[in-house]
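Here come two complexes built around subunit A, the first alongside subunit B, the second alongside subunit C.
And then the complex of A and B:
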């Protein structure tokens, strides 16, 4: 743990200097608060104004909003890693006892932890989710999304400009819940290459009271996410070699 | 020449490839939107993404140029700051126009008024690019820039409320982005000559103010810094 002390101290200073690290904590909290207090009034307003009822789609809305939680710390961490690479800070860490691998683990730990805690807070406090044991499947897969997003940016972008460009592609992740909620089976399995399809599908199966199917989808989704994480870690370490 | 260099830079850094993917995603999304809402969603998408892409990208480009020390040597050449800023605005506008046309061409077909639509996208893009340049010189890190850009650009998004019939028109007429929405809205709604003159006029005023602000900010925070660095 001692080898991480310098990084922790540096990051605590950074939080004061770089408010966006703070935003990756406050942003998801704002999503939870807005959903809690705004979803029902908004739903009523849309129904009055456009005659469109949002309530039957609350399961889809929950998966869609849940996805924003790992997306924010994941993207922020990816951009921070690119910033540190552009400024050669990463090379400095690689020759310290921390090593490159230690640096990666440390950097990815915070967004994963934030995703776990804040996604759980969303399920508990947003007011649009059902408390079911199957939710744990979706939360586990969502927690793996944040390091995947960060590693995707850090592995495939040559610098921060490319990182910003590639972060646009993260928008593709919003297609996962759309496919899981609106495309009929079996055609929706064409979207299984989108990582966010799996947590969305787990959650929706839980809501539809299909626990066995949810467990099966979670198993496949977990293998998919672990393979993705391993592949992205290898690509990232190769990149900084 | 500077414009061509900027386009090459954007091509090399995969901006065009990324927008091909992003546009494909939007096309997929529009495919699933019921036809009665499709045009409103298309206006919303065009305004918030292809038209405003300069807000994020221009800042990112400047941060990278700063890291690579490009700005230190760029301004010892005959290149003027005015040309540098305009090249950024024009080159990113071109990408915005291509992306906006791709989304509309493949989802809704030809806009009712193609010229007004193109001018709307172009002037919105240059406005956000210049705004981004004024913002990025006030930050040190990419994350700090993103946060500040969201804060600065928030007021420019307020006219979107009118798109959803919230608030009266009089509240928004002094926002340049209200002019953007009028011109981008010509995909499905005819706009009178007076409205076009108003929209282009308010956007030109917005662009001029953003240009002067970006130029002043760049002079004060970058060029003056470079000169001071040299004299010490």
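And then the complex of A and C:
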């Protein structure tokens, strides 16, 4: 445990020294705070000014904002991994008692844990979500997205600069909730290759009180995410070998 | 000159590393990198792998440090078969790669403390190690602020944190100026004196000559020769001395057999009558032996 504690402390030190990494960690907290204190006043203001009610779209808004949460710790971890790959530190970890496997597990566990905790905090404190058991499906899938994003950056970017450019592409993930919320069935299933489609769909089915359908979508989404994680892990290992 | 296809090392007393018919191919490539090499390394020895780039010396080292486990043959380090080793193996060996790899934004001390925390066994105090390698004053500098020589010493330091019984060093003097190279060689010899077994991979013949108890020449995935540098130089060289002297205004050079040199009348005449400039025994250089045995240079 001591070794992991030191690794966490080292990560915190690195995050403190790098404003970008700091923003990735504080971002989700800012999302929660802004949603909590800004969404309802903004919704009221838009309704007064333009006669447009945002309230019926709060489910979509919740999924849209929720998915920023794994995106940020995932990107942060991906950038840390790129730094460690650039500086050849990964290869050194593989000849210590931590081993390459231990390093990878630690690196992917941390953003997963952060996603779980911060997504749960969003559901509990943002003030725009309903407390439903189906939320667990969405949170589980979102938690798996953080390591996927980290591995995607670490596997496909040649350096940190490319990593930053690739992290912009992950903005495409915002399409997931849009497809799940606005495109009618069955056409919306054309968007099933977007990872964020699955947690968004689970959440919205929960809001619509369709627990069985939410469970089915969760099952397929879980398989999709596990396959994605396996594929990205292989690509990452191939890259560092 | 001997033309051995596959050298077999002499039996070693108290071996720490035993390798028997090691073969290795990188997965998916099909081409074999190591062709059944065998050697043993004794406790407390400094053993050098010499060879040009791509000869297989780094692959051999990667097998020994447990990074490549898909090999054929038998490879035992400290009594453990490498393919069966687990994370505990790394409590007993230390590794310093050719290119120092650290968190460049962290200080020297922070880096050492971080890597130290990965070990469960007894470890050295980082600051004491830094004192030993002359880096105590740099303890609070960021690694990015260090010179190449300082980074190499820090790299060496890190490999010693957990008091390993076997140390693997990849090109330990690579890119160092003569002063820093000398510091590094002295540090390596200090560890040997403390009983550590050291395996060096290098293409620097001079470093190997000065440091190694035994060397192995690796070319095309085969060991062509194993012996002590001294034995090799004596055996493969000429048993002669060369005297350079001035005869009037003319510089001359003459060779004499070492046997019965004190009775050699011509030799006594030369050293008695002329101004001597140099006298050298004509043992072969390690580099020349390498070229003669392998037909290759070390570039």
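The rule we apply is simple: the second predicted complex is superposed on the first by the 220 of 241 C-alpha atoms of A that agree within 3 Å, B and C clash if a C-alpha of one lies under 4 Å from a C-alpha of the other, contacts with A are read in each partner's own complex, and residues count from 1 in each chain.
Note that in this section contacts are C-beta pairs under 8 Å (C-beta built on N, C-alpha and C of every residue); 3 or more make two chains touch, one makes a residue touch a chain.
Predicted model only: the values in this text are computed from it and were never measured.
Look at A:87: by the touch rule set out above, it reaches both subunit B and subunit C. Annotation for subunit A, partner touching more residues between subunit B and subunit C: B.
In the superposition on chain A, contact of A:10 is made with subunit C only, not with subunit B. In the overlay built on the shared chain, the residue A:182 is in contact with subunit B alone; subunit C does not reach it. Of the two partner chains, neither subunit B nor subunit C is touched by A:47. Once chain A of one complex is fitted onto chain A of the other, the partner contacts of A:96 are limited to subunit C, with no touch recorded for subunit B. After overlaying the two complexes on the shared chain, residue contacts for A:163 are found with subunit B alone; subunit C is out of touch. Touched by subunit B in one complex and by subunit C in the other are residues 17-18, 87 of subunit A. Across the complex, subunit B is touched by residues 17-21, 23, 49, 76, 79-80, 82-83, 86-87, 158-166, 168-169, 171-172, 175, 178, 182 of subunit A. Here subunit C touches subunit A in the complex through residues 65-67, 87-88, 90-91, 93, 95, 97, 99, 101-106, 110, 113-115, 117-120, going by the rule given at the top. By the touch criterion stated above, subunit A contacts subunit C in their complex at residues 2-3, 5-7, 10, 13-14, 17-18, 87-89, 91-99, 102. Of all residues in subunit B, those touching subunit A in their complex are 13-15, 18-19, 21-22, 25, 28-29, 32, 56-57, 60-61, 63-64, 67, 141-144, 146-147, 164-165.
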